[in-house]
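Each of the two complexes below includes chain A, the first together with chain B, the second together with chain C.
Take a look at the complex of A and B:
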């Protein structure tokens, strides 16, 4: 209990600093701050990670979209990428570009994307710093906790009550497809020195910015990104209750999966407790648990696990938990149950250093920091939009 | 390992993990600016050049405030023109590009022109320039020495470098022509969002244009005129007196209809070289550009000279501090002080680092005059300074609080520059505006840009202060402000802008000859600025 209170207080400080203090104390920042704190307290006290995480990520994605589009209209009067934004390297740099940029950078010492280098929150170097911090700490947990796009799929996947299409038997093939597509994007990026994903496939162009249709290739690209959005962000998540774009197409997700072993946290399955009920495999939005994972008693989800907590919440045996990636090595070195749970102080430490709580804190911190500016701006735009609509209605 | 050691190792590892995952993540965002600088110093990131015009092979500076043609030309009297709109400050030539990704025309040659000022309203752009760029691409005596269209700019070209291509940018569009005045292709003309930069992309897809790919040296004549779609060559004429439909200052029918031209020096002599007797127009010379990238020579100054300058500054500062200290002691010892003396005490205290006295005095003064811009500006700076040694949360609050005062000070002094221009501003009003702008600019320069995003605003504050200083003939203050604007632009990742304004600061510093005749405070400012410029290789 003391640890939960302590972590909640610490989170209140983080929220106050990044949401209220940095963006000016006003009714909107206070409301958003209170909402975030409510989610965190609910999460840590009920232990129900996925439920509150999904609410957060969905709200964030919606407010991000409103804010981003609003800002584009303010600056350019449309969502289309303008010639001067392109010529002057003013296209916002998003994390999805990072994977396809790495090898071209190694070859040419340049980034194959016309964005600002520094001095802006959507600049290349600021995004790289955020990515490195995330890669070393929460790993692919970024996709479930801080990605500003992921919440859309979370939202759509919550619409239907039951899965209309079951992807569980095809989980392995889906993972293979994801990495094959990732390899294709990398190779194309190197061959053409261009971010092929952004140019042809990125579904989020529909809610951010896109190239105006001026010729046949741009018409085809528009058709592709609209189709990808409809199929992978809307229709398939509704039918499968999975995050299909994240687990099939997203290059950042694939890269984070490969880098996840260097992160501090991982999800572990206690094979002794597991009764192979497959509920975890059924709910995993990233297809990271399949029949083989359970039957072969692998003891952990597959590489694509994004630490969303869905399996932890649903496991009837409480056999799934979050642990530090070095937990086993440390226990081997120092011996199991090294701390005495009878001592009050040691019990406090055991609780405080519980990987589940520390993970929730670190992952939610990312969410708070990344979301604060855009979400509060989105709220402001949403409220002012609603007020003007009400005024118009009244008149 | 015995149990205690094992337990210590276990707890330490977990505690370190806990700290990394809590304080570590938070710090990575709070100190993101420093981490970004560190990371970028290692990675030295650049954008793949074909996205952004190709590798820059040459940047040519043109002096600021030389947009009066042959010396007397004045802008037309209509609202489409704001001061500095036709003042070319930087011309950038890129390497020709082929197979560029994401571009409508993948084979092109990009030329950038930067002007002192841009659109007055970015939502209603004024495309008010006609720019002619004449290029001699083969360096042989073939081509034309006349302007593209008759009755156009009223100039002729150096016979040694006749032009092969003419790039005509009229308003928001442009075309490339050959020496026979035949249209070859449409140019891609793009204005930056603020309208200060005009990006011209010459398509190289047509065979006739591909000479550019193999050119060793190109010679450029760049002429900036006022745009008029209804006049000859789409160039607005000049008359004796300016009007809505013409510029002013005409002294001869042969006077070029050009406001600025590319020339790293004083172009007025060249543009005044018409001959009334022979009726020959003014002849201009071109600027040669090596089409292969070569590293620019860096000005080198001996370490001894720098040390000498540093010593000189220290000596002057010591002397200045002594005078300040005396005055401070004197004011402190008095029982009653007038309002002016109180202000002086606060400023002296601030100069000597006694922030407490300074703040107490400004707070007391503000109680009596809550809308005094000077008091608000200094109070804002002092509030913001509290963030320097405070915890992160307190620092953010201090800076935000400081800006409420600073923004108010700037707001209260709006419109001063217009008064300065029409000669109706009092000295008090000018000083109040300076204090407001310089305090806010100084804060914007000091606070981390990734957290507060204030550098761009800081640059604009300094530029306005510089403009007022220039209009009031205070060249040293103007130079300092230009330099600080450059620093702010650099913080905002606008390195070209940074260089333009720092170069202007350097030009103004060079113009100041007798330093010893200046008041002590100005001597220190000037020498400190000189030192910074020398250290950055912008002054020898």
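Take a look at the complex of A and C:
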């Protein structure tokens, strides 16, 4: 109890600093701050990670979209990519394009995405710093806790009560396809020195910025963007209750999966407690637990695990938990009695360093830092839009 | 320009821009080698050699054409023509890779029908795919390739053209050494084979539609 209160107090400070203090104390930042604190307290006191994480990510995704589109209208007067923005390299740098940019840069010293290097929240350097921090800390947890696109799929996947299409028997094939699509994008980026994901396959063009339709190829591209958005962000998540774009197409997700071993947290399955009920495999939105994972007693999800907490919440045996990647090495070095407290104070500190709490705290902090500016801006735009609409309606 | 200085110039041109050659070839060669059955160092060597031989044959043919045409080549061989050539090469290469991917998928069924198997051996096995896709990739004309073609047309001699392009080709070879790491990677991670086969299918479709048909019909 004391640990939960302390962590809630610490989170209140984090939220105050990053949301209210940094973006100006006003009614909007206070409301958003209170909302974040409510989610964190609910999460830590109920132990229900996924439920409150999903609410956070969905709200963040919606407010991000409003903020991003609003900013585009402020800067360019339209959502369409202008020639000027292209020539001046002023396209906001999206994290999805990081993997397809790195190898061409390493080989040719060419940045294939026309974005600002510094001096903007969506500049290349700021996104790279955020990515590296995420890779070292929460790893692929980025996709569940900080990605402003993933929340849309999380929202749509929560609409239906039951899965209409069961993807569990095909989980392995889905993972293969995801990494194949990732390899395809990397190889094409290297061969054509351009991000073909942005040119032809990005579903988020529809809610961020798009190429104006001026010829047949741009018409085809827009048709593909719309189809991919509808199929992978709306229809399939509703039917399968999975994050299908994240687990089949997203190049950033694939890269984070490959880099996840460097992160300090991982999800572990206690094979002694596990009764192979497959509930975890069924609810995993990233197809990271399949039948083989359980029957072969692998002891942990596959590398596409995004630490969303869905399996932890649903497991009836409480056999799934978050642990530090160095836990086993530490226990081996320090002996099995390292976590046996002698006093109340020692117990308090051991509870405080419980990987589940530390992970929740660090992942949520990441979400707070990433979301604060965009979400509060989105709220401001949403409220002023609603007020204007009401005024117009009144007149 | 003497034969030797032209040859050295071609070798250095190839060596200085071999990264780009490898970058053009990577989408074809890497999935083909990684996705092949019973991968080994020997098989990787054979597939890579066949692919590179195909590429060299195209180089030499173009070199001889340019040498034969002499400086007249400039009247028809412009960047627009080169781009069209490249687009057609993508469609051809995409079709070869697509066929190879489909044949790999159908392999089990095909094994039951020997007659069909015999017919499709040439068009679908990895060795012939390596040669044919190599021939197609050799049609992607990059700036150093232009420079070597110019040397050939300036020399006016087919022999010179052959030597220039062998030297140019030799200059690019060191950049393909990393391909020999693939068998080790596949042995450590067998899933890579399946992933590579799907990647090849995606690349084939992209070559045909997005790098081939769309530019051919809709870009000026």
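In the analysis below, the second predicted complex is superposed on the first by the 392 of 395 C-alpha atoms of A that agree within 3 Å, B and C clash if a C-alpha of one lies under 4 Å from a C-alpha of the other, contacts with A are read in each partner's own complex, and residues count from 1 in each chain.
Here, a contact is a pair of C-beta atoms (placed from the backbone, for glycine too) under 8 Å apart; a residue touches a chain by one contact, two chains touch by 3 or more.
These numbers come from a predicted model, not from an experiment.
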For A:89, is the partner it touches chain B (first), chain C (second), both, or none of the two (neither)? first
Should A:38 be classified as contacting the first partner (chain B), the second (chain C), both, or neither? neither
Now for A:223: first (chain B), second (chain C), both, or neither, which partner does it touch? neither
Which partner does A:113 reach: the first (chain B), the second (chain C), both, or neither? first
Is A:187 in contact with chain B, with chain C, with both, or with neither (first, second, both, neither)? second
Broader residue contact with chain A after superposition on the shared chain, chain B or chain C: B
Touch check for A:73: first (chain B), second (chain C), both, or neither? neither
Quick check on the superposed pair: does A:353 touch chain B, chain C, both, or neither? Answer first, second, both or neither. first
Hey, what residues of chain A end up touching chain B and chain C alike? 108, 192-193, 215
Per the touch rule, the chain A residues reaching chain C in their complex are 107-108, 176-177, 179-181, 183-184, 187-188, 190-193, 196, 200, 215-217, 220
For chain B, which residues count as touching chain A in their complex? 1, 3, 6-7, 9-11, 13-15, 17-18, 20-22, 24-26, 28-29, 32, 35-37, 39-40, 43-53, 101-104, 123, 188, 190-193, 197, 199, 201, 392-393, 396-397, 400, 449-451, 453, 455, 491-493
Which of the residues in chain C end up touching chain A in this complex? 19-20, 23-24, 26-27, 30-31, 191, 194-199, 202-203, 206, 210-211, 214, 217-219
Would you mind writing out the residues of chain A in touch with chain B in their complex? 10, 13-14, 16-18, 21-22, 24, 75, 77, 83-90, 104-105, 108-121, 123-126, 128-130, 132-133, 137, 192-194, 199, 211, 214-215, 264, 324, 326, 330, 333-335, 338-339, 349, 352-353, 358-359, 361-362, 365-366, 369
